[in-house]
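Both complexes below contain subunit A, partnered by subunit B and then by subunit C.
Presenting the complex of A and B:
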């Protein structure tokens, strides 16, 4: 379990992270999201003991500080761009941090890097370098992995592969903290969301809960839409006619069925309108802009 | 610390520049033999055919690259979080540079013996007396050992520069400038210092004359320092630049 408690990070007396607290449970994949400059990378670097901070960070009960990295022995990370030496081959880059050749071989195989792992990494494409960076983060059976924009430069096949590997490691108990601007991709892999802006946490909850909470509207289809609109209106229920269906507020949903059945209207469909993750995030950010606190 | 040292060695042994540096030293020493006139050969031999200056030059490039690669490849971040302390990384790098300096000095001894054997097989015998009733061989070995110590100053200046600028081209350019012009700048400063000589003779560039002064006592007139003073000054500046370099290195990701 990774616990971040009330951390404050300042650059030249300006607070860039303001009392941020969250947890990453064992096997959880937490998406750290927010607009550019929100403080995502700063939080990640702080957890890695690279920046001075106030507050407390613990990894499985051991404290992380700028001068004490003992708790980071089972932590892997990919921050900003892959940290690789261009004059070394992919395998040598991995061997540098891991003496267990079986571990190296397993990662090379699972990330499908066998064909080029013995070439100098200066010859690698952006996607190959990214995969190598991810492999370095996953070395030595880590308990906690931090990935900053892991899908950068990856093609569709590699993206799916990396997603599968993250899920496999998470199933094995490894916790992840991942940031990405590609929310549609992130949505497929994360279990929890930490949404930040201007160095403050706006939302911290499981992704299912976040999306469910945003199901404010339902789609209603009947065999007589015009009559349904009139009936709902007469009962003080607002609806929006979209020609083929009506949009109804979720708060009045239980009242609808008795009304339309009583007037012999046939109900063809009543289902929540799905809002995707991107929309939810945008809505939360917009809401916070209008209503700052 | 041992893990950091092993990692640094792993990186260095896979870099071609590690081996090119030794080859380049041989090339530059050969160049010195071919270009210099015959009237100062014994002086050239005791100085290892200019090895001291060439080694300083190679060490500037090597040291700057050893630190610069971390800044340029974003690997410093990985090194920092995977190491127990930043000090361990810094000292591991320093140890590798000192080790390389040792390799270069040992190589320079071998190359000097080889070049003398090839170009002056029957002249300037190793056991002939040169300055201070000491044999050519003894003087040569003594100066090589002193140069091994004196090269620490140039190493510490380079580390300080690379940790400050984080770009090897800048650090190498300034470092090479100091290797070639440091003594001249210092000489000019002291000559034009007037009443400030007692202060300016302690300028760091003046300490680059250490080897010259120990080989040729007439250097005292230029440095205005006696032998113990110039040795203390060299050691002091080495420690100062190493400490300053560490402070800059430590803050690289803050």
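Presenting the complex of A and C:
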């Protein structure tokens, strides 16, 4: 388990991470999400002991500090772009981090790198370098893996491949902390969400719970929308007219049916509006902008 | 395309190196000017030509030191991404630093040893030019740089020497040769202490061959040999330690390659 407790990171006396706390449990795949400049990469670098910080970070009970990286022996990470040696082949780069050739071979095969793994890495495209970086992060059976924008530069097939590998490792007990701007891809693999903005955590919960809680609107269709709107207004129920249907806040649903039945209006449809993960994140960010803590 | 690429590589690699070199040169020149000023104030009997020569000596001598120092600084400040990637994936900073230090130390030592042994051999064969002539010194330094570059995987550095940069090196070689013969050699023999006398040992006893012993002794009596030793072994350790400290605290960061 990884525990981050009240970490504060400052650059030139400016706090960029403000008392952030969260946990990554065994086997969990946590998505660290936020807009540009929110502090995602800074948090990841801090967990890896690359930045000075206040607070406490523990990886499986061992403390991580700037000068003590003992806890990182079972950690793999890819932050920003991988620093691979250009005059070494992909295989040689992998061997620098893992002497076990079988492990190297297994990852090369899993990530479909066999065709170019023996070419000098200076010839690799962005996507190939990214795959190599992910492979290095997954070497030595890590217990905790941090990936910052892992899908960056990957084509569709490679993206699916990486997603499958992450799931396979997570099922085996490896914990992941992943950040990505491609929320549609992230949604398919993460189990928990940590949403951050301006160096502060806005939300920390399982993804299923987050999406479920955001189902707060319903779609209403009647045989007389104009009259329905007027009735709802008269009863203080706000609605949004979308021409063919109305959008109603979920908290007032139970009040609507008696009102429209009493005035002879036929109810044609009343169903929850499905909201996807991207919309949830956007809504939370907007809400926090309007109502800051 | 080639011009654009060459301009990029020159800009990205050498701008940092040249800025540092310029900084060290200026420091040396300022020091020399101060020394000249002090001499004037104290009414020491120097002619103006001597003042100019002294400044030139300082610049050239400083350049030799500066070039080695710059490559050492660059060697360590350019490897932050590799060090950090290592830390991310289980290789401690200490391990990366130790291997980096061994690489730098090894190449500098090899550069010196090759130079020293060649000097001994050339001195043994009296008909050949003495190794520590400037034309050889610059080639040895360049070879040393190439060894460093390949050890440190600085790809832009290697590419620089793949194409048409050899004519630039040849020009530098000619300029260096003239400057060394005219200015540096006299200042070294007149200003530097007799290190060889203080540090010499009885090589005849060790090797049993008078001519070999004489060759080795003769080379070891050259101040340039000891300067090379100092630059090759002691200075890298000091510079590496300082760079490692500053690199970790982010107070010093040269960007050698835009990546």
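By our rule, the second predicted complex is superposed on the first by the 243 of 293 C-alpha atoms of A that agree within 3 Å, B and C clash if a C-alpha of one lies under 4 Å from a C-alpha of the other, contacts with A are read in each partner's own complex, and residues count from 1 in each chain.
We take it that a residue touches a chain if its C-beta (ideal position, glycine included) is under 8 Å from a C-beta of that chain, and two chains touch if they have at least 3 such contacts.
Predicted model only: the values in this text are computed from it and were never measured.
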Room on subunit A for both subunit B and subunit C (clash or fit): clash
Touched partner set for A:29, first subunit B, second subunit C, both or neither: neither
Which superposed partner A:50 touches (first subunit B, second subunit C, both, neither): both
Which of subunit B and subunit C A:97 touches, first, second, both or neither: both
First (subunit B), second (subunit C), both or neither touched by A:122: second
Subunit B versus subunit C as contact partner of A:88, first or second or both or neither: both
Those residues of subunit A which subunit B touches in one complex and subunit C touches in the other: 48-50, 66, 69, 72, 75, 77, 79, 81-88, 96-97, 136
Of subunit A, residues touching subunit C in the complex: 48-50, 66, 69, 72-79, 81-88, 96-97, 122, 136-137, 139-140, 146
Contact footprint of subunit A on subunit C as seen in their complex: 81-82, 84-85, 87-93, 150, 153, 155, 158, 248, 259
Sites on subunit B touched by subunit A in the complex: 7, 10-11, 14-16, 69, 73-75, 77-78, 80-85, 253-254
For the subunit A and subunit B complex, residues of the former touching the latter: 45, 48-52, 66-70, 72, 75, 77, 79-88, 92, 95-97, 136
